[in-house]
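Order as written gives the chain letters A, B, C, D, E and F; numbering starts at 1 within each chain.
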Amino acid sequence: MNKKILWIVPHPPADEESDRQLLNILNGCKHADTQFDMAYVGDDKKGPQHLEYHFYEDLVLPAMLNKIKDADKEGYNASIIGCFYDLGLKSARDVSEDMVVIGPAESSMNIACTYGHRFSILVGRKKWIPQMENNVVKYGYKERLASFRKVDLGVLDFHQDEERTAEIITNEARSAVDYDSAEVIILGCTRQFGFYRTLQEELGVPVIDTVIAPFKYAEFLAELKNRFGWKHSEVNGYGSPPREEIFKWDLEKEYF
Amino acid sequence: MNKKILWIVPHPPADEESDRQLLNILNGCKHADTQFDMAYVGDDKKGPQHLEYHFYEDLVLPAMLNKIKDADKEGYNASIIGCFYDLGLKSARDVSEDMVVIGPAESSMNIACTYGHRFSILVGRKKWIPQMENNVVKYGYKERLASFRKVDLGVLDFHQDEERTAEIITNEARSAVDYDSAEVIILGCTRQFGFYRTLQEELGVPVIDTVIAPFKYAEFLAELKNRFGWKHSEVNGYGSPPREEIFKWDLEKEYF
Amino acid sequence: MNKKILWIVPHPPADEESDRQLLNILNGCKHADTQFDMAYVGDDKKGPQHLEYHFYEDLVLPAMLNKIKDADKEGYNASIIGCFYDLGLKSARDVSEDMVVIGPAESSMNIACTYGHRFSILVGRKKWIPQMENNVVKYGYKERLASFRKVDLGVLDFHQDEERTAEIITNEARSAVDYDSAEVIILGCTRQFGFYRTLQEELGVPVIDTVIAPFKYAEFLAELKNRFGWKHSEVNGYGSPPREEIFKWDLEKEYF
Amino acid sequence: MNKKILWIVPHPPADEESDRQLLNILNGCKHADTQFDMAYVGDDKKGPQHLEYHFYEDLVLPAMLNKIKDADKEGYNASIIGCFYDLGLKSARDVSEDMVVIGPAESSMNIACTYGHRFSILVGRKKWIPQMENNVVKYGYKERLASFRKVDLGVLDFHQDEERTAEIITNEARSAVDYDSAEVIILGCTRQFGFYRTLQEELGVPVIDTVIAPFKYAEFLAELKNRFGWKHSEVNGYGSPPREEIFKWDLEKEYF
Amino acid sequence: MNKKILWIVPHPPADEESDRQLLNILNGCKHADTQFDMAYVGDDKKGPQHLEYHFYEDLVLPAMLNKIKDADKEGYNASIIGCFYDLGLKSARDVSEDMVVIGPAESSMNIACTYGHRFSILVGRKKWIPQMENNVVKYGYKERLASFRKVDLGVLDFHQDEERTAEIITNEARSAVDYDSAEVIILGCTRQFGFYRTLQEELGVPVIDTVIAPFKYAEFLAELKNRFGWKHSEVNGYGSPPREEIFKWDLEKEYF
Amino acid sequence: MNKKILWIVPHPPADEESDRQLLNILNGCKHADTQFDMAYVGDDKKGPQHLEYHFYEDLVLPAMLNKIKDADKEGYNASIIGCFYDLGLKSARDVSEDMVVIGPAESSMNIACTYGHRFSILVGRKKWIPQMENNVVKYGYKERLASFRKVDLGVLDFHQDEERTAEIITNEARSAVDYDSAEVIILGCTRQFGFYRTLQEELGVPVIDTVIAPFKYAEFLAELKNRFGWKHSEVNGYGSPPREEIFKWDLEKEYF
């Protein structure tokens, strides 16, 4: 039972070298029976290259949901919204009829909670915190959160000087363990990939890479769906819009 | 010190008779020094005519934020996002530099909490509840919520047979008071306008009309801004995106 | 539709110069159609001149409720209990039949929550905190509270050396923004009036004056009451005592 | 080490037969070395005879605190505020310098929590619930509360027809056990004394009499104070007002 | 990278036919590279055959932890504690040095939360609820729990009359969806295996089998451990006892 | 009505000098009609001498429950589980039919909450905190907890150099009062006995000795049981296992 998985970058290509590394990491840890693709939202260079402002998120959302809808139709079993804000996670599950949708934040916290009582999230900037904290509360992990700690780097800065980034991250992560009683560290941006292993060895606590975690979770949920029929519930808040409204309001292009 | 206020209908015109009534209600209760306009998002008939699905909300969001941005530039002091989901409230405050933005849900709950210990929200359909409940929690009113009660009517149904609507609403509201210990009733859809006064007299508890409440709150906040300089904070999560990114990523049209 | 509003100082006159300033501030920002009065509880010099101890609060409560009852009968539309402890707010709403009653803490937090995700309250002394914190929880704003910060000044000290007060308040407020992630500052004592504007300009975040906020909120709720009939609910815990008990137990003087 | 304990009825004598029974119950279960007295607040017939309205509570508070202060000076080791609202509990502990003060609600819930995971409180009227619920939250027992259930009897009704009262209470208590998962029952009014034992035998769960529980808790805390010096903390919110203010503001009579 | 997984039945063999079915189910859904074994705690017929009483749980705990310790030494990558109480989950993670330990309740809720906003747990008897509810709170899912619903069957009853069991479960599950707003159903006993698929098809919501869910989660975590080194944190509360104490106190047999 | 009370040391004798002191303290403060004994779990030197690891707790649990069962049969009215982890408290209440069981943590927090709004717990090591915090939450005192503070001493270290211990404890307790707003201090290990009085005098806040507090609480609950029949509820989660299962599964020795 093959698994077909799509990683959605929710903005146009911003840093192709980074994306290549990301592809390598994921290809290096996928199952043999997993078919894996990456897609951008917005194919040319028009559009935000990071989502640090709410406005940017909202701007890309319709096109991203359209991509989700396409992926669902094309037979993907699972897709990942490639941003730790988990933007549009609920809506994406809403429009997807058969495919499961994974958010890096939700899946990383899910996993982290099995490794320790409390986790800390290392973010780039202080301004990311309110929205992420709202997600922590929404997912139910408020009591499991030891702290947010910021490293004062923007999304596009993490791989500029990797040695310096590693040092800053290590320092903040150590403080999280020593002073905030964190037992697990979550790297709170998908662009922080590549740093978890050294960090983990140095600190002696699990460090969750938020690219690997949602990808493996996607493989896991894809298998559960294929084997046991488990996927997003369609009662109550969940469920796709009715087709007749889509046609009546001239939304075919946006929806399909 | 005049107040300039904009009511934003976050979708194309759907029911012009209803909108005319809405205009009359608001014009009938505005201050003498209030200048009041109404605007649609999406001027032609293309686009969702209600927002009962997450997908519809996300679809209208970019154009709605654009409208917010325009209103801010055109000198409006306050604008209201005309839907009880308060969609995009945080983002709208993010992009608005000087104008305050009001959500019907937030402002109605704010007011309701001064009238009683617990309020109930009457919704149209069960599927509205999860998102609204998430808002209740986010705004801090979880302990103040007595219950959600549904009347099994869609957004566009409330004014089809007003007598029947009044009867159904009255029954559910009475149950909320008698069995859920509600002391205040909130009509959880802006399309439920026009029913509050009879209901209030019959039940003997305050019934909050969610068109009037945000409109008057907008006048109130507009005055506070004009007189005391109080408006949305721009530290931490709040703040507009930097202009150079808007130009670099070719987003002038979407933003301004 | 005129609005008649009463500011109740819940103790005898303590600092007439301060009260004159307070009157000027409020007269300077009232609506043209607002009639505004100030009243003391305890007319001679007998009685506590501040309410920093629970005992003092309880001591003035019966006379304050009597004043509320009188104001209700005299046709005031709204009254404000002039102390950030919001003492007797629930009881006052209980005995008031037609007039709405406003507390500085409740109304300031209500307003602050529309300007940012988290607010900090600047108090005079550490010992004020437990009771105020209980109010924050009761009103539902626990998750919106960034911190309490104390400036080590008593109620009667704020205007002794205004320059020094301004400096201390500014320092603590800045710490609240920088270290506690406050996005809005609330000045947690009605005697801290007069400082908000400079503070606000210096810090770049909204600073809520707790004299202005409840006064304008009173005007707002007075209008809502006059126009829409919205006032305190009388079901469940809310409601006035029965007249026959008042007479039977010889409480006419205390009540009316 | 003798224990001197005072039961304070926070209103004038209302039902002398009932009070005699109460005295008998407490005298029948006191320790040999316990000296026990009962006192009323308001000696003549003037004043509320029950405290079902907030206004009544606030009215008796100053005189009750005066009684507390007197009892403290007269060498009582512990006093009980004889009403399940625990009115003025915090203030009473504030003004008491050496004597511990016990509230029926707080002490009954303390004890109940050692007997089961969840308790239900049987109240007379629905309107008692909001204030009692606020106490439950304040004391920390929100998650331990199974339910409030009302029996539709006023404070002065419980002993009018004891057989009927017993029957109603038993029915509601049984529903609390069967439908609300209560494991312990608390009789939420001091006037519900005398019913616990039969009820307990019939239901097979502990039923807490809220006259006995606070009385025995008072003996317990009196001994702890006499032996180990444990009494109300005087740091932070707790602590007596300074003597110089009491004299300066002419409050000797009210305070001492 | 093979995965070696152990299912621990935390009591002696009780129903061999059932265990055979369980083995078939798990063997039918394991990965090709998964080696899978089942072990009992207590090899003869001595010992509790279900764990419905706290006493039974505590009785089997030392031997179960011994089994965990053994499995860890024998090179298992993951083990599952085969009971929805998740008994000893924290201790098991404590003594395990390299192997990850999975609890059916924790892993089932983890998965369920990705499929819907709220889940209901179907239990056998009312008396199971308090402990399970404590787990729900401890894991952070209190706000995600729609309800517990009981079917009035003991652990050993589920497979006595499977048709009747299916019918009862279906009824309660439907009520959970209709009245409690559950979007996902969790079968709250490992002995409820075999019923999920029909139930799921009938109700149209995901139904989590609590034998399959933890087993697949174990495979998932085993892979994460083998590939990325992610396993239980050893700082703070987590960590194995020091060897010198084990020897000094003569606990070699119990520990190794 | 005599009271028969048992202090259970949940491990073999570890430090006889300390135990003698403990006995003296308790004998020095017991009632005249209290008969008091101490018992160890594991009579020889085999077994853990402290319970700092979950594994040690689980190891002693069956024998401890057996001791509880014996004590219940031997006519003890109350027993105390002599460890601040309150290990097995729920199970012990489950198997005990007539005797009440007291935990040092639960009873100390119960008492502390009557003396102040917030308490801090002084622990030996950081690793004790997660489990104790879970208890704080379970008992309902999360909002009453000011902080945990650690003194970096193991269970067996407190009485090695009492002067140094006193100094360290005093420093941390003072910080708890000054910086964490603690109003009461709880010494979070039964081996911290003997230090409370000096500490209390120096700090001016109540300091709860966690040997004296549960012992006096046991006397208190024993009297309540003897006089009023109040003891652990047997509905829902509470209740003893059925005798026929005990016999059928050959558990007589473990149970009786």
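Keep in mind that, in the parts below, a residue touches a chain if its C-beta (ideal position, glycine included) is under 8 Å from a C-beta of that chain, and two chains touch if they have at least 3 such contacts.
What you see is a predicted model; the values in this text were computed from it and never measured.
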Joint neighbours of chain B and chain A, given as chain labels: C, E
Pair with more cross-chain C-beta pairs in contact, given D-E and E-F: E-F
Chain at maximum distance from chain C, centres defined as averaged CA atoms: E
Per Cα centroids, the chain farthest from chain F: B
Residue-number overlap at the chain C/chain D interface, same or different (half cut): same
Between chain A and its twin chain C, rotation from the CA superposition, multiple of 5 degrees: 120
Whole-Å gap separating chain B and chain D, where each centre is the average of the chain's CA atoms: 46
Between chain B and chain C, centroid-to-centroid distance (C-alpha), Å: 28
Interchain centroid distance [CA atoms averaged], chain A/chain D, Å: 54
Junction residues of chain A, two or more chains touched: 117-118, 126, 129-130, 137, 143, 181, 236-237
Touching pairs - complete list by chain label: A-B, A-C, A-E, A-F, B-C, B-D, B-E, C-D, C-F, D-E, D-F, E-F
Chain A partner contacts - residues on chain C that touch it in the complex: 117-118, 143, 181
Of all residues in chain E, those that touch chain F in their complex: 45-49, 52-59, 61-62, 65, 88, 90-91, 94-95, 126-131, 134, 137-138, 236-237, 239-241, 245, 249-251, 254-255
Touch list for chain B against partner chain E, complex: 126, 129-130, 137
In the complex, chain C residues that touch chain B: 29, 100, 102, 106-107, 110-111, 113-118, 139-144, 177, 181, 183-184, 196-197, 200, 204-206, 208-209, 212, 216-217, 220-221, 223-224, 227-238
